[in-house]
Each structure stands twice: as C-alpha cells, then as structure tokens.
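Each chain gets a letter, A, B, C and D, in the order it is written, and its residues are counted from 1.
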Amino acid sequence: MTAFHAVAMLSGLVLAPLLPGVINRTKAAFAGRSGQPVLQLYHDLIKLLRKGAVYSRTTTWVFRAAPAAGLACVSGALAFMPAASAPALASFGGDIVLVVYFLGLMRFLTVLSALDTGSSFEGMGASREVQFSALAEPALFVAVATLARVSGSESFAGLFAGLTPAAWMAYGPAFMVVLTVLFLVFLVENARIPVDDPNTHLELTMIHEVMILDYSGPDLAFVLYAASLKLWLLGAVIVNLAMSAAGVTGSLAFVGFLAAMMLLAIVVGVVESTMARLSLLKVPRMLVGAVALALLAFALAGRLSP
Amino acid sequence: MMPLVDSVHVLILVTCLLLLGSSRLGACIRTVAIQGIVAGGVLPWVSSLHISMQLLFTGVFVMALKGIVFPVLLSRAMREASASREMSPFVGYGTSLMAGVLFFLASLWLGAKLPTPDGVSGLAVPTACMMVSTGLFLIIARRLAVTQVIGYIVVENGIYALGLAVAHDIPVLVELGAMLDAFVAVFVMGIAIFHINREFDHMDSGRLNVLKG
Amino acid sequence: MVLLLVAPAVAAGIVLLLPSARAIMRFCAMGTITTATVAACCAWRTFAGGSLQAGEWFRMDMLSAWHLVLMAGVFSAVSLYAVGYFSKELESGAFSRGKAARYAALWFGAMDAMTVVLLTDNLGVMWVGIEATTLLTAFMILTHSSPASLEAMWKYLLMCSVGVALAFIGVILAAASAESAGLTGAQVLSWTHLLDAAGSLSSAHVKMAFIFAVVGYGTKAGLAPMHSWLPDAHSQAPAPVSAMFSAFMLNAALYCVLRSLALVEAVTGSDGWGREVLLVLGLVSVLLAAVFIVGQRDIKRLLAYSSVEHIGLIAVGIGLGGAGAAAALLHAMNHSVAKTLSFMSAGRIGQAYGTNDMRRISGALHAEPLWGTGLLLGIMMLAGMAPFGIFLSEFLILKSALEGGRYLLAGALLAGLVAVFVGVMRHAIGVSWGAHEGIVRNVGAGWLDRFLVAGAILVSLVLGIWPCSRLWHVLEMASALTGGMP
Amino acid sequence: MNLILASLAVLLAGSTLCLLVPPGGKRAGILGPAIAVLGSVLGIVPALDAMVGAATWQASLPWVIPAGSLAVGMDALSGFFAFVILTVSALAAVYGHAYLSRTGTARRVSASWFMFNVLVGSMLLVVVARNAVLFLLAWELMSLASFFLVMFDGEKREVRRAGWIYLAATHFGTAFLLVLFGLLGIRSGTFDFSGFSALRPEPVFAGAAFILAVIGFGTKAGLVPLHVWLPEAHPAAPSHVSAVMSGVMIKTGIYGLLRFSTFLGAPMPWWGWTLMGAGVLSGLLGILSALAQRDMKRLLAFSSVENMGIVAMGLGFGFLGISRGSFALAFLGFAGALMHVFNHAVFKSLLFMGAGSVLHAAGTVQLDRLGGLSKSMPVTACAFMVGAAAICGLPPLNGFLGEFLLYRASLGAIAGSGAFAGMEGAGLVLLVSLAMVGGLAVACFTKVMGVVFLGEPRDGTAAQAHECPMAMRLPMMVLAAICLLAGISAVLLPGFVEPAVRCVVSGPDAVALAALSLPEGVFSWTAGAGATVLLAAAALYLLRNALLSRRRVDSAVTWDCGYAAPASRMQYTSSSFSAPIVRQFHAVVRTDTTATRLSGLFPSGASFSSEARDVWREHFYAPLFKLFTAMSARARGLQHGRLNLYILYIVLALVALLAWKLR
C-alpha cells in the first residue's frame, strides 16, 4: 500500500461535501435564484463543530454515539471504493458485501437513534427508511452482481478494472440497465427526490431528514458529513461504471472521475428540479421495478456474448 | 338311512325359517326347543352309523338342556319382562324370510367348499351353516334381548350340528364343556336380561345405546 | 404347573369365607401374588430348560410362558392396586363385603380360566377357557351396578359369546381337518399333534378354521372391526378390571389366534397365508383407533381405543413374522406395562374428580401428583415416546415392515401412529396441566401406590433402554412358535 | 473421550439428583444449574479439541437392543455442534438459576432443572451417537425433555396449546426419521453409523432417504412449512429454555441433516435446490412474520425460522456445489452455513435472555406496552443491541461472518461463471434472498430494539422496570462479548469450521480436498476493516466529547413539531413501525386488524389492535386438522351403541375374510 492508494479515499473525504453544494446550485439555477455558495456545507460543518448541543431528555447513549459510529462506517466503506484509475485504499474479494453492510450498520444506528427520541415523526421516518432500504439493497446487489458476472471479480476494484470498452461493446445494453438501477438506488439511499425531499419542512413526508431532527452541534455535523460521504460513495459506483466505458487511464482518468462526479451532482439537481416527489406509497413499487430491472440486466449479461 | 337323515335336515331348515318369520316370542322359544332336540338328539342318532353309549349319553344330555332347561329359562325371562311379541324388529319378517333363503344359498356354497366326510349327508354342512347364519341374523335383526338369546342358542345348535357333520372324533369332554358353556352363557344372559329389565323397565336392547363414540 | 391351575380355584373358595371387604381385598392381593410367583417360576424353568409337559392336556412352551409372565405381572400389580382403589370406594360406601367377595371370587376364577387358556395343549379346552373368561369377567364389569355398566356388560357378553361361538366353529373345523391325517381321540384337538401332522391335514379345513378362529378370538382380543364391545366394557368396569382386561385379557385372546396362526402357517407352508389376515386386521385396528381417539372425551374410553390400536400393532407385528413377531411379543409386554399404569392412574384420577370426562379433568399433575404423573407418563408411553419401551418395539415392528418391502403398510401404520399420538397427547396435556376447577377429592397415595407407579415407569424405561439380551432371545424363540420364520 | 463421557454421565445421571432434593427449596435452584455447568465445562474442552480436528475418536460398547450398540464418537462435525451446545447451555444454566428463582413457581423448579439437564445431556448424546437406535433414543429424549420444559407454565391455555403443537410436530418429524433409519439399517444390515457410511446407495434410494431426512430433520430445524411449532413453543418456554431451544436445539436438526447426508453418497443437484428452496421460503417468511409480531419472544422465534432458512440456503448451495463439482463454492456454502449455526446460537440465546430480562423487569413482552427500558436496564439494553446488530449480520459482529461467506459463495458462483457453469442461477437466488432477508432483518430488529429499549415507556409497568440480577446479566455480557470478539478476531475462525466441513464433504479426491479451504486472508480483511471502523468510531466519539466539553450542552424535550402536549403513548409503536412493510407482503403474512370506528364530535374510547397470523398454520395445518377431526367425527358414527350392528360388523368381517381368503 502506497500513498497513492489513499488518493481515492482522500478525494472522497475532502470533496464529498461539495456534491450537495453543486446540487443546490443547480436547483437554484433552475429556479432562477442565485442560491447558496457551492461550499456552503463546509461552512455549515465548521460552524456546527464549534457549537454546543441540545439533547432530548428521552435520548440515551445510543443517540449520542450513533453519529460518530455512522461516520466511521461510511468512511470505512469509502476505503474500498476506487476512483477510476486511483485505486481503492483496500480491496479484497467480497469487499462489495462489506461496503453494503457498513452502510447497513450506519442505517441501523441512524434508525435506532431516531427511535431513541421517542418522537412519532422520527419513528415514521425510521419505518420508511428500513422499508425502502430492504428493497434497495437487493437491487443494488443484483446490479453489482451483473457487473461481477461480466468482470469475473468479487471486489469493487476488480469489478471496475474488469470492465473494459470491449466489455461495454458486448454488454452495453445490460450495463445501461445497470446504470439505471444504480441511479435509482443512489436516489433512494441518499434521500433525494423523487423518493424524499431533503428541503421539505413537513415532518410527515420526510424520511432521512426527519430522522435527524433532534441532532445539533457536532453530532449534526457528523451526520451531515456522513450523508455527503454516502452520496459520494454511491455516486462513485455509478461514475466508475460509466468511466469504464471510456477506457481512459492514468491521471486523466482520475480527473475525469472527479468531473463526472460533479456532473452526476448536476444531473441530480436537474432531476430534482424537474420531477415531483413520488407518493410514499409508490416508492416501493419503483423499488420493485428497480429489482426487476436489475434481474433483467443479470439475465441479459448471461445472454449477450462477449 | 339317507332319506331319513335328509328329512331331518329339512325339518331343521324349516325351523330356521319359522324362527325368521315369527314375531311371537312363545312360538320362537318352542321352535328353538324343537330345533335343539332335533339337532342335538335326533340328528346324531339317525346320521351316525354306529351308535355308542357315549353318543347316547350326550344326546340325552343335550336334549334335556335344549328341550327343557333353555325354554324354561327363556319363558321365565319373557314372563318377567312381560313381553310376548317382538313389535318392531330392525328387519321386517318378510325380508327376514327372503334373507333366510339367501343364507341357505350361501350355506350351500360354503358347504361345497368343505369336503364332506364319507357317510355324511350332503345337506349336513349347509344345514349347520344355515343355523349359524340364522342365529346371527336373529341377533342382528331383532330388538328384544330374549330374541337375541334365542339367536345365540340357534348359533350353538348350528355349531353342534356342524361338529357332528365334519368331525366325529371330538372328545366328549370338550363337547360337554361346550354344552356347559352354552348353558352358562344362556344362564348368564338370562340374569342379564333380568337386570336390564329391572334397571330400564324394558328389555329392548335396541335402546341400550347410551355408550357410544 | 398343576398347582397353577388349582390354586386360584381354591382361593376363590376361600374368599367367600372371609369376614370383611378389606380382608378379602388383602387376601386377593396376596393370593394373586403367590400364584403369580409360582407362575413366574414355571415360566423361568421353561425359558431355561424348554417346554414343560403335564399329562396329555397341559403343556407350557416359550409362547405360553411368555404370556404367563405377562399375566403374572399384570395380575399382581392390579391386585395390589385394587386394595387401595376399593378402600376408597369402601369409604364412600360404593363397595361392600358382598361385592368384594363376588369381585374376588370372579377375579380368581378369571385368573384360573386364563391360566387354562395359556397352559392347555388342547384347542377345545382353550376355547372353554376363553368362553369361561367371558362369562366370569362379565360380572366384574357389573361391580358398580348402573344402567351404563349393565349396558356395557350386556354388549360384552353377547358380542364375546357370539364371537367365541364362531371360534368354536374353528375348533370343529380344525378337528375335522385331522380326520385325513388319521389322528384319533384327544389327539385331533392337540396343538402338538396337529402341528406334527401338519403335512397331512386337510388344508381347506384348516384355512377355514383359521378364519373362524381369527374372527372369533379376534372379537375377544379387540381387533377391529370386532372391537365394539371394548370401549364400553373398559369404560364401565372398575379401574382394576379395566386394567386387567386391557393389559392382559386381550393378549390371552390374541394368544389363541397365535396358536391357530402357527397351525395354518404350518399347513400352508409358511408363505404368509394366515399372517396376511393379521396384517389387514391389525392395520384396520390401528387406523380405526386413531379416528376414535382424536375426538374422545372419556378418558377410559380413550385408553380402551388405545388398546385396540396396540392389539392391532401386535397383530401387524405377528403378521410380519420373523423379527417383527418377536418385536410384537415385546410390544405386548410394553403395552401391558403402560396400560396397567394408565388405567390404574386414570381410575384414581376418576375417583378424585368424580368423572371420567376429560373436559372436566384438568390440572391432574397438580391436584394428584402421583397419579397425574402416572397417567401422563402412561399415555406418553402408549403414544410411543422414547425412551419408553413401546417406542422401541414400534420401531422394530416398523423396521420389520420396511424390511419386508411393505412400504405402503409402513406408511399407513406410521400415519395412524402419528394421528394417535397427536390426538392422545392433546387430551393428555389438557388433563395433566391447567387449572383444576371445582372440588377435587384428594384420593391420596400410599407407599404401595408410589411403588406401583414408580415400578411401572422403571420397567418401561428398562424395556426401552436396556432390554436384556436374554429377553430378546426368549422372544425370538417364542415368536418362532407363531408360524415360523418367513 | 473420557471427558465427553463424563460430561454425559454428569448431565444425565446428575439430573436425577435434582429430583432427590426437596422440590421447593433453594437447593434445587442451585444444584440444577451447577450440574449443567459442570457437565458442560467438562465437555467443552474435548469438543473444542475435536472441532479443530485435533482429537477424534470412536468407541463402541455392546448394547442389547436389537441392532443397537452403544457406539459414540467424536469428529470435527460432532465437536463443532457439541461445542455450540455446551457453551450456550452452560450460560443459559447460569442465567436460568436467577431467572427461575425470580419468576418460577418454587414447586416445580427441581423438575424443571431435571428436564433441563436431561435436555442438555440428550443434545450432547445426539451429536456423539454413532448408532441410529441410540441417536433416535437421544433425539426423542431431547424432544421429551424440551416438551416438559415448554410446559413449565402449563396452567396457561396458550402454553398447553404450544406444548401440544410442539409435541405433535416433533413426533411427525420423528416418524420420518424412523423410516429413514429403518431403511438405512435394513440396507446396511446394522444400525451403526460405520455401517451406514459404507453404503453406496443408488440414486433412487438416496433420493428417497434424502427427502425423509429433510422432512424429519427439517421439522426440528423449523424449516417452512414444517416450522409451525417453533413460534408457538419457543415463546411459551421459560426464557433460558427458549435460549437453549432456539439457540441450539433446533441446530441438532442441521446436524442430523449433515450427518445423514454423508451416508447417502454423492448428492444430486435437486437435493441442493430442495434445501435452497426451503431455505429461501423459511428466510423470507420467517423474517416477515417476525416483523409482524407484537410479542417479543414470538418475534425472536420467527426470526429463528429465518436464520435456519439462511443455514438451509447455505447447505443447499453446498450440496449443489458438490453435485456440480465446484468444491470451492460448496465449501463456502457449508462453511457459511456452519458458521451461521454457531453465530445464531450465540446471538439468539443472547436475545432470548434479553427478552427474559425484559419479562422479568417489566412483566410483559408485548412490544406495544414497553419502551425506554435502556435507562432502567442499561446492561441488558447494551447486550441486546449487540445481539440485534449481530443477527442483522452487521459488521464487525459475528453475524456478518457467516453471511459474508454465503455472499462470497454466491458472488463466486456469479463471477466465476466460466469455471462453475450452472451455479450462477443458484448464486443469484442466494444473493437476492440474503439481501432481502438482511434488509428485512434490519427493519425487524431496529423495531424491537427501538420499541423496547428506546424512547419512553408506553406503560406503567415498563416505567417501573429495573435491571436484572448479576447472574442474568453475566451470561448476556459474555455472549455479547463473544459476538464482538468472534467478529473482530476472525483470523482464528477458519480453523473453526474447516474440519467440520471436511467431515461433510467426504469422498472427493485430493485435488478437491485441497480446494476445501477458505480463500486466504478473507477474514483478516473483514476483521481488520471491522476493527478499524470500530476504532474510528471510538476516536470520533472522543472527538465529539472533546468538542462538547468546552461548549454548553442542554437538555430539552424531544422536538415535537409544535404539538403542545406530547405523551409517551403517541410514540410510534411496533405495529405502526412494521405495518407498511408487512402490508406490502400481505400475500404471505396476514395481519388481522380490529379497530373501533370513531364517531361523534368528541370521540372517545377508540381502540386498534392487530394480530399477525401464520399463513401456513391458518390456511394449511388448521384446515387439515379440522378436516381430519370432521372425518373422525363422522366415522365415530360407526360406534353408535347399537349392539345389533356391532354383531353385524363381526359377521361382515367374517364374510369378507372368507370371501377374500377362500375364493
């Protein structure tokens, strides 16, 4: 392991808070506003870290420990994610599972801390969170498995390394479907429109935001930072897959990767500006659709010849 | 000898039909007594080739038992229960008679299955079977306890006749033992009838159906 | 051996002279145990040294010795139990000296008749013995005179008399078959002689004789569909009588079937002609019992149907032949132990609750710890739970069925057993646990009762876990007498 | 060997001592667990020895049951299960000591301990038996003992019902085992396992035997649709017994399946598919039903069905792998299944103990009446949370390891489609099912944890709860520590299951045997990552503390969206938490709801309740039983009390026999 191996992870850790900023700017542009600065989240984080905190009397140590642990989890997951030509900090066969399960642990803690407050709104959000993720997880796994089937590797690093422009030539249709699925999962997992609206202020309709209502100070900073890291992590999956079609290598690829991440954020912003939030009852249907699409992609990958 | 033997058999068959067709208990008791005397006493004498003292003795014993003891016991039971006729049997009398004919045909078939020893009338086994089946039918198709005991006696008669027909050498001890048992059985049944009558004020065994399931 | 035949008759006479009901019951127990001890000694000699012969008429071989042991055990245990059982009845005034004397006299009479059945070498005498058993025991049902018990007694009497009359036809036909073999005199009814001359017997006669014997003795043994008297008689008789009926009298009748089976198998060349009949009747019994156990409400009727089931199982085992027959004989012993225990306990629990209706009995384990435990474990044994004996013998019977390639039979048998288990345990759980409402008369339990319950459980455990090899050896030899090895 | 026998002797013979002490006194409550602990400790070391493949032995004493021999033995497979059984049982005994003395009726304590020790002893005997008759006896003894333990609170109607269903189900399973053993015994001429393993059965026979084994052992293991007894019996038992039953007893079914599969020769693909099918069904149905429950112990019981489903998936995948010649994949399947067996034993017994403590503290395990217990019972809450996270398969706890191996197996099958032709379908099924089940498990256990331990008490009794005594806390802490240590010291673990798997996959050649090992360093990666994340979390937490130490930290009420009078009863309940998910799967999980309509301007007294029903029980077993009862009720007309017809039966039987035999 050399210093070079840390580049992918470090870039994520440093640049992740940029993504919400880009998204917000995009949305503001669509709305004709000038909007927040792109670096707004960095300011927020620093400000929050300097503040004191207010805790609900109902809460226990679970509530206090969850943000720190959740941040650790998502950072741990990030260690296995390459950034195009920049290799992952660590990689081994099956790290896909570990990454997904680190995210699972983070969700576990978030949900528990929401329930810890005893608020019925937070309970509502927690319930929705686990419901949607129970469907999003299979979709993600099958989508990734489709890639694994083609590339013959069981780790993220190997996965993307194994996907060459040649493979894209052969499996292009399947990969396009996989991209769609991954994008859906990305939206769901990061609580974006059309599943959730991060900007709403009506507790009844929120999912992720309502679960963290009671956090303040450094805890809220951890939570927000972790959310942006998760956005980066899942975005990286999409971008890595898309980048593999281009077949560029070297530092150019890494720069391309960063650019693509920003592009992804813009796309999200466009989606959020042009779409309405789905009715909560329709979200499961969309997710089942995602699973079905993923299975279709898996079958396609078997049918198409290399 | 054969015509005589056969006519005795026919007589027995007729008693069977009488039992099947009669509703009067008194008549039934008399008929079964006659049947007992004929089957137990007359039949062995006329059908056996050599009459021994043993046979003679058994015959007298059986005749006494079936001709005198059983009818007396039954009549007493009947009187105590103050029932003189079977009012509504499970199977009507006409049907019973038709069933009797069927039994006879079945008995003939069964008789054909069993090789008859030399010197024994071809009717012997069917007649015995006819008696057994008639007795069983009486037990099944009649309501009164007395009639059922009569049926049981007919079965015993039939068995006795069957024994005579197929096996000459059954030791007398066993034969007597069998008779004794039959006697005790009827005796015990008589007591039971008495009890039933006392407890339930009727001796309709068709109504003895509290215990079920 | 002669002593065995005479002693009960003498005892029956003595009983009539004793002054009080308690003395009679005590004497009854002592007399029974003494006789049983003698019987056990005789049986032991047979196991050790082969058949015993006593004159022309009596003979004891492995099969009869085995049943004699069963009889000795069942009669001893039940007579001991009866002391406690009836003393409770005496207190409540439902029992008197006269009844005690009649009961005890009939008890010894029945014992004598059954001993005759087991020891005789003569078909006719055997038949007489069975018929005598019917007549004697009929009045034992009537110990507590009630309309229901009278009805039960009447049904028992008439059905068994008719059945046994049919069996007599079998005796006659068997004797007739000997004609062609040239046997004379008492020989025509002697098992030994008939078996020796098996080759030259008239097979048509023997076959028909067997069918009559199966139906006739089967009625008395409680094989379905001739079993109908059994639940009535068992439920109405006092518990000691039910226990004796179920745990041994049925076996005595089945013993007669086994003897006939040996003959017919010898004549037809051991090709299973007769065993098939037992297989079918046994299977029908098991399945039918299953159906009746599921919805049963009366605890003693439940146990009675369980007897039908187990007699059916024994019949199936015998019908399978070979190791199956040996297992069936073992099963007979297991069943006797378990059934004695169950009926003893059920009787006392019935006394305590004043009813046999299982819907009104609950929490027996709590209300009557000893008898509740006895009943629960007894029913569990009967249902075939390991590690009790019945589990083992059922397994061996089943294995034997599989060994013979009778998969369908094994499947049906298992289905029946599972159904019985499910049905019977539902009742057992309801009876044993739960709250006991209303007044429960405490029937108590003396040291003798403890000894009986613990003894039965222990015997069943030993039979299930560690039946000594000598026992198995005896069983194999005894089962060989039921119609040869296939 | 001697130690194992000594352990058996202590457990089985020593148990009778429990009956000798006065039933009510304190002595029974100490003697019983002491015997269990002593017996277990004696056996653990040799079991561990055997498990790592160090000490295997066989011994046989003559036994007089026909074809029986007192053959016992120990190999890695037995050692593995024996280790699991004894470890959990010893801890459960310690827990039970305090639990029973607090909640049990004093009268029955001694009988209960007698049965407990018999249960532990018979479970041990099951895994060391090397003779089918002995195995069966031990198997039945196990059922019997556990039945009595379930009936501990027999005065409750639902407990009686549960006991009956349990007994019926276990006997149903045994019936199939009887046939299985009978067939094997006849085929090999002996009932010794050594004779069984010498069999080389043809496919038809082996297939039939496999089906029998799956039904027979699957009933004990609680695989759908043979699971109906499990959610009834496990909650009904006292909690330390539930821990043993759910934690280890049902595993004997897995042991039996594995052991007997080794006698049946090379597996066929459909064996694997059958098991995987049962596993997927159990996994999904189990976790969905668990999610719908409102009773904590029933929920845990259904979750056991789910976990056994995961184990069955792994086994099925393993069999499939062998039949297709992919030994490396098969190894992953088996190893994952076995590891999950161990893990489930640890965290399920932990969770049941936690439920027991809740019952002990708050007097109920109805989820909707609990809440906020973590303040009054912090140790229990902490241990329970570790268990809950572990059962969801989350790293860095032990639950992750088994599931990870299974994921590896499925990904391996998918990624290596060239080499393992025909396995990618199975891999996909495994992957999707695991992901589904995993996601739902998170939903299920966040619900329990959140509703029971977090938030505010919903009920007066829950508010007065108190921490349980040390003897109850200690076993939970030990188990939680095992969850954590097993998760982050994973480097040691391959040696744990590898020898056991080698026992199952007998027969392949040397090359295949060489493939039977874990990929190098897999566990060191997961363990390292887990430990790192744990350290990072700790560091971040310290950072947070450091930041806050210089700031003002206030406390207030929970943000209630401006509502004026929040009350604890307004909290999300377990039903409301799980309702959306359960509704989504209403095809397989039915929830009956009863609600009173609101009426009037000022409605009052509204109520709402919901109850989850088991589809299989409601729509399959209950109608079946009803049908049988109805049929038997009709057949009972045969016994109508009419003597005449009874005699007619005799005559008909006679005629029928005559007609049949003398045609």
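Criterion: a contact is a pair of C-beta atoms (placed from the backbone, for glycine too) under 8 Å apart; a residue touches a chain by one contact, two chains touch by 3 or more.
What you see is a predicted model; the values in this text were computed from it and never measured.
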{"item": "Shortest path length from chain C to chain D (each step joins two touching chains)", "value": "1"}
{"item": "Most remote chain, CA-based centroid, reference being chain C", "value": "A"}
{"item": "Between chain A and chain C, centroid-to-centroid distance (C-alpha), Å", "value": "77"}
{"item": "Rounded Å distance between chain A and chain D, as computed from the means of their C-alpha atoms", "value": "35"}
{"item": "Centre distance in Å when chain A and chain B are each reduced to the mean of their C-alpha atoms", "value": "99"}
{"item": "Chain B and chain C, separation of their C-alpha mean positions in angstrom", "value": "31"}
{"item": "Per-residue multi-chain contacts in chain A, two or more chains", "value": "none"}
{"item": "Numbers and ranges of chain C residues touching at least 2 other chains", "value": "154-155, 158, 162, 204, 208, 231, 292, 295"}
{"item": "Per-residue multi-chain contacts in chain B, two or more chains", "value": "113, 136, 139, 148, 205, 208-211, 213"}
{"item": "Chain contact graph, described as a line, ring, star, complete graph or other shape", "value": "other"}
{"item": "Which pairs of chains touch, using the document's own definition", "value": "A-D, B-C, B-D, C-D"}
{"item": "Residue ranges of chain B in contact with chain D within the complex", "value": "90, 110, 113, 136, 139-143, 148, 205-206, 208-213"}
{"item": "Interface residues, chain C side, partner chain B - complex", "value": "122, 124-125, 127-128, 131-132, 134-135, 138-139, 142, 145, 147-148, 150-155, 157-158, 161-162, 165, 168-169, 171-173, 175-176, 178-179, 183-186, 188-189, 202, 204-205, 208, 231-232, 235-236, 292, 295-298, 301"}
{"item": "Residues of chain D that touch chain C when the two form their complex", "value": "63-66, 133, 136-137, 139-141, 143-144, 151, 154-155, 157, 159-160, 163-164, 167-168, 171-172, 175, 178-179, 181-183, 185-186, 628-629, 631-633, 635-636, 638-639, 643, 646-647, 649-650, 652-654, 657-658, 661-662"}
{"item": "Contact set on chain C toward chain D in their complex", "value": "154-155, 158-159, 162-163, 166, 204, 207-208, 211-212, 214-215, 218-219, 225-226, 228-229, 231, 273, 277, 281, 288, 290-292, 294-295, 323, 327, 363, 365-366, 380, 383-387, 391-392, 395-396, 398-399, 402-403, 410-411, 414, 417-419, 421-422, 425-426, 429-430, 432-435, 464-469, 472"}
{"item": "Of all residues in chain D, those that touch chain B in their complex", "value": "636, 639-645, 647-648, 651, 658, 662"}
